[in-house]
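Take a look at these structures.
What follows is a pair of complexes built around chain A, which joins chain B in one and chain C in the other.
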Partner chain A sequence: MNKRTPLENFLFYFLILLLLFFVLAPYAWMVSSSFKTTLEIQGMTPTWIPQTLTLENYVRMNQTVPIVDYFMNSVIISLGTMIFSLLLAVLAAYGISRFNFPGRNIYILVLLATQMLPGVLFVIPYFMLFTWIRNTFGIQMTNTYHGMIFTYTSFSLPFAILMLRNYLDSVPRSIDEQALIDGCTRFMALFRIIIPLAKPGMAAIGIYSFIMAWNEILFATILTRGETRTISLGLLRYLTQNASRWGEMMAACIFATIPIIIIFTLVQKNLVKGLISGATKG
Partner chain B sequence: MKKSLILLTVVLTLVVATTIASAVEITFWSMDNAPSAIHTAWMNEQAEIFEAETGIKVNFEEIGWGDGPLIMNAIITGEGAHVFQLGTTWNPEYASTGGLLEIDMDDFGGADSFFEANLESTTLDGVNYGVPWFAETRVLFYNVDMFEEAGVEPPQTYLDLVDVGLEIVDTFGEGRAIATAGTGAWDLIHNWAIILWAHGGDMLNQDNTAAVFNSAAGERAMNYWVNLVANGLADEACAEYNQPQADSAFINEDAAMAFMGPWNIANIMDQNPDLNFDIVEPPAGPFGRASFSGGSNLAIRNNAPAEELEAAKAWVAYLVSDEVLADYTKNLSMMIPANKAALDDPYYDSELWQTFITTLGYATAYPPLAEWGPIEGAIQGNFGQVLSDYVDGNFTSTTAKEYLDAAAAEVNNILD
Partner chain C sequence: MKKSKALGYLFILPAVLGMLFVHIMPMGWGILISFRDLTIRTIRDWTSAPFVGIQNFINALNPVTTIGQRYLQSLYNIFFFGVMTISIGFVIALVVALILNKPFKCKTLIRGLFLVPYITPDSVAFNFWRFIFQRRIGIFNEMLLRIGIIREPITWLVGRNTMWAVIIASIWKGWPLTALILLAGLQTIPGEIYEAAKIDGASAWQQFKYITIPYLKPIIKTVMIMNILWNFHAYNQFRVMFGADPGRYAEVPNTLIMREAFEHYRYGQGAALSVLLMLIMLTIVLIYLIFFRNKTEE
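Moving on to the complex of A and B:
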């Protein structure tokens, strides 16, 4: 491998720094603004370093909007979505990966097709479905955690199944066969042998499901209300018709980013491995 | 003795159970008219007082201004609020769904109890479908210190405003005289309409069947608005401002004047309590003074059992009652009570509030049409680019008329 010249090195690191600047500058601005007074944020001369450092935005962010409640709602809904997506995706992906059943290809095609349709098409059908469930079975679905977990799981599932299928395809079938010869049932082989091997792929779909549920706005607008409002909607409430509370919004954005950073940090290694595997086998 | 005691317990349990089963419970949605913590606390406190008086339980939920679809869903499915806040310009559109309860104003103190423009905003085809809750109108806020330093008095006419503005520009520099909203403003139309009415124009014709805002008056109003930037009175950044940004420019003392509503008093107290400001009525045009009348109404969905409808009406009557409403508007929403009797509260005797009240007396509301939402959207969509066009050097002597005609054509399509 050729060694880089000093000029190439300079250009390489300069481009990396430039890229980092574009990626990180909005976050730096968010952090900086969260410590500024409203007057300074809205002033005509923008400043990177707060001229009057204040924690007021952090103190007031939950008084203006009940953002902590919305945060907890998002944690419950996103974790629920992640767990159910993982559970269902692993079963479905294993089935597609290992069994050649009638209609398998059509099933995969349908899964792919669901990814082509814009989400807004499903808003009214979901609302009608939820109303029908309530009227027929007496089960409240709108404005409930289980309703939102059901909704988001159904959104994340097709992509999760396809991605995990690719990953499971990379695990040799001979491993299943050896487990079966050693006396395992199919379920035992899946849960004791295959799933531990598929951890990177599962981490990738787990975080995908979590982030999808964490960031979603459209369905949350229609299907949630006070008790189940999610944080992505809560953040928007700092901008009303009559006032823009940018400082508090920035503070709340930092608060909202914390779980995503923690989860990414925890599963970063597995996530990258899982994503790469899915990409190369696809 | 023991048997009697058991019998008494059974009877008491039955009575309590029956009372609980028959207790009416309703849900009320309002927008975040104040910071959530104090707003929710106030509403819950009022709900408790109301329940103690009537036995009706009210569940309060705060929603955002972007939650119109949620209200529409509640109207269609019967799931959600019994009573909800509607912006005055929304009321006729929601009434046109057939899902709002017809209101007999006599149940709420009579039609004369409310400001005329707000009352009109609750109607569709002459029938009331809401009760006016609070009102707002736009006046001219000015920075007293900047005016004193520039040696000028608050403008009384639109021509005065330009002269005063030029003096301020001389003293403080370009763009410092007035802040106005542009491309990003949801209520751009409200601010422009004030100038339109003062110049003798109107939005629609008498029977609300065609747009007339593309008249000579409309053209004058638009050119006046653009000239605020062209003459250096307003900063070119205004082209990108939404209304809160324009308000902030005034609150930050970057601009000496702005047309703003009463809620901005709370914003000033919160963000820059040292600001030395005052207000005057909007300047007069060739056809006198004019302002926009807005605010919010309370509406009741009609697909609920009769006892819940009665409970909802009782809650609305409670919210618009003099003392409760005055307490809400002066301590939370910082708006003007739509029920005129609530203005007897001494709080509203100040010169500042009297200016708002006087202005509201002649302020105009938009025609109460089911199609008003799309009409407003068509006008906003066309006017949004006007200031940007000027800043980009694309505004010529015919541009105003072109935009007005394009918007009028869209509005006429909607009305057809």
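Moving on to the complex of A and C:
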């Protein structure tokens, strides 16, 4: 590699810093606004640094909107989605990756095809399906945790399976063959040997399905009400006809980012690897 | 051999069953109700809704009807949004990937930081973008004023500029992941090829055109498909930044369908709009795939 001249070096790092600014500036604005007084937000020209630091937004955010309840709803729904997606996806991905059965290619094609369908196509039928289940079996589906977990798992599953399958393809088959010879059953081989090896892939799809559920707005609008409202809808409630509580909303946004930061920090090392290998071998 | 086939089925069975119930069945149902005048009165028993044939579809594409006019406008909007967001985002991502492919300090840290927009929850990201774009109290206008690009604050979230506001926010959210994936692709290209090309006297542009691009092609294909699917399905950013009714300039099929079905309670019409949207999406993806295949086989 050619050595860069000092000028090129300077320009290079300047460019990277500029890019980082564009990526991170919205965060700086969110964090700084969450510590501003309402007066400062509404009043003078916007500034990056708060003139008076205050915690009032954090104190008040749960009084205006029951954001902690919404947060807990989202935690339950997203964790549920993550667990079920991982479980079902790992089985299916292993099946596709290791067995050659008639219909396999069609199944892969169906998985790909579901990715192309607009979610909104399913909203109306889902609404009807949930109404029908309640009327026929007496099982409440709308406005319940299990209903939402069911919905979100189904939507994260195709992508999760495809990504994990790419990842499992990169784990040599000889490893599970060895395990079978050593007397493992297929399931034991999968859970004891393959899954630990597929950690980066699992991390990527785990965080994918968690974020998907944490983000979702379309289905949550229709299928949840008061008691199961998710945080992504809750955040919108700081803006009403009468008042825009931006400071509180920014505080709540930071609050809503916490689980993602925690999960991201836990799996960060594996995530980049898993994401990239899943995406590049499509 | 037989046993292993059965095992294969066993492994995919739970996922297949799940998807049958949640994808195939509702999809069929969606198509069935798109031929009916299903409304709030008939939602309890959809079979009692009057069968109207393809009337819902005719309405959707007829610019004389209110719904037709809005639907066609929304299709134009999402197309404009998709093309702009994907192309600008892709160019930024490619340039950055090429830059980051050079050796530099703190590589892992910076790669990690570039992932931040991807992992930021949509609701959080688009809420703070909504705040950034506020006319008087937002930082975006303030920055533009300070640099001297504009003299008067611009209204971003109402009227003509709405589409650009949502495009900027969506590019911010989307390009870093594309860049990281392209970067991963760049790193698989063996360095010797470039060395050999240099010895043969190939210019930087020639190296880019004849080595980098052909090598990246499969990855570009995947990344583009992902981007097309995500952006043409976009809903969250429109809902978060503009509320339930984004207005004429930022109305997209998804927001229109949601209002038609769940505010005006015309489920049949809404279903027809979404079936049409699905057909359009499939056409776009197919054209893209065919186009791409011909190009690589040349």
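Quick note on the criterion: the second predicted complex is superposed on the first by the 280 of 282 C-alpha atoms of A that agree within 3 Å, B and C clash if a C-alpha of one lies under 4 Å from a C-alpha of the other, contacts with A are read in each partner's own complex, and residues count from 1 in each chain.
One rule holds in what follows: a contact is a pair of C-beta atoms (placed from the backbone, for glycine too) under 8 Å apart; a residue touches a chain by one contact, two chains touch by 3 or more.
Keep in mind it's a predicted model, so treat the numbers as computed, not measured.
Q: Given the touch rule stated above, what does A:M116 touch, chain B (first), chain C (second), both, or neither?
A: In the superposition, A:M116 touches chain C alone.
Q: Please work out whether A:T38 is in contact with chain B alone, chain C alone, both, or neither, and reply first, second, both or neither.
A: first
Q: One more residue to check, A:L236. First (chain B), second (chain C), both or neither?
A: Both chain B and chain C are touched by A:L236.
Q: Contacts for A:P50 in the overlay, against chain B (first) and chain C (second): which applies, first, second, both or neither?
A: So A:P50 meets neither chain B nor chain C here.
Q: After lining up the shared chain so the two structures overlap, which partner does A:I222 touch, if you call chain B first and chain C second: first, second, both or neither?
A: both
Q: Per the contact definition in the header, classify A:I96: touching chain B only (first), chain C only (second), both, or neither.
A: second
Q: I want to verify the contact counts: of chain B and chain C, which reaches more residues of chain A?
A: C
Q: Just checking: does A:R134 make contact with chain B only, chain C only, both, or neither of them? Give me first, second, both or neither.
A: In the superposition, A:R134 contacts chain B only.
Q: Where on chain A do the contacts from chain B and from chain C line up?
A: 42, 127, 131, 221-222, 233, 236
Q: Flag every residue of chain A that touches chain B in the complex, lowest number first.
A: These residues of chain A touch chain B: 37-39, 42-44, 60, 62-66, 127, 131, 134, 142, 221-222, 225-226, 233, 236-237, 239-244.
Q: Spell out the part of chain C that touches chain A in their complex, as residue ranges.
A: Of all residues in chain C, those touching chain A are 4-5, 7-12, 14-16, 18-19, 21-23, 25-27, 29-30, 33, 43-44, 46, 96, 99-100, 102-104, 110-117, 119-125, 127-129, 131-132, 134, 137-139, 142, 172, 176-177, 180-181, 184-185, 188, 218-219, 221-223, 225-226, 229, 232-233, 235-236, 239-240, 243, 253-254, 257-258, 261-262, 267, 270-271, 274-275, 277-278, 281-282, 285.
Q: Give the list of chain B residues in touch with chain A in this complex.
A: So the residues of chain B in touch with chain A come to 31-32, 35-38, 40, 61-67, 69-70, 73, 77, 79-80, 186-187, 235, 237, 242-245, 247-249, 251-252, 254, 261, 263-264, 267, 270-272.
Q: With touch defined as at the start, can you tell me which chain A residues reach chain C in the complex?
A: Chain A residues touching chain C: 1, 12-13, 15-16, 19-20, 22-24, 26-27, 29-30, 33, 41-42, 45-46, 48, 88-89, 91-92, 94-96, 98-102, 104, 107, 110, 114-129, 131, 135, 150-151, 153-155, 157-158, 161, 186, 207, 211, 214-215, 217-218, 221-222, 231-233, 235-236, 246, 249-250, 253, 256-257, 260, 264, 268, 271-272, 275-277, 279-280, 282.
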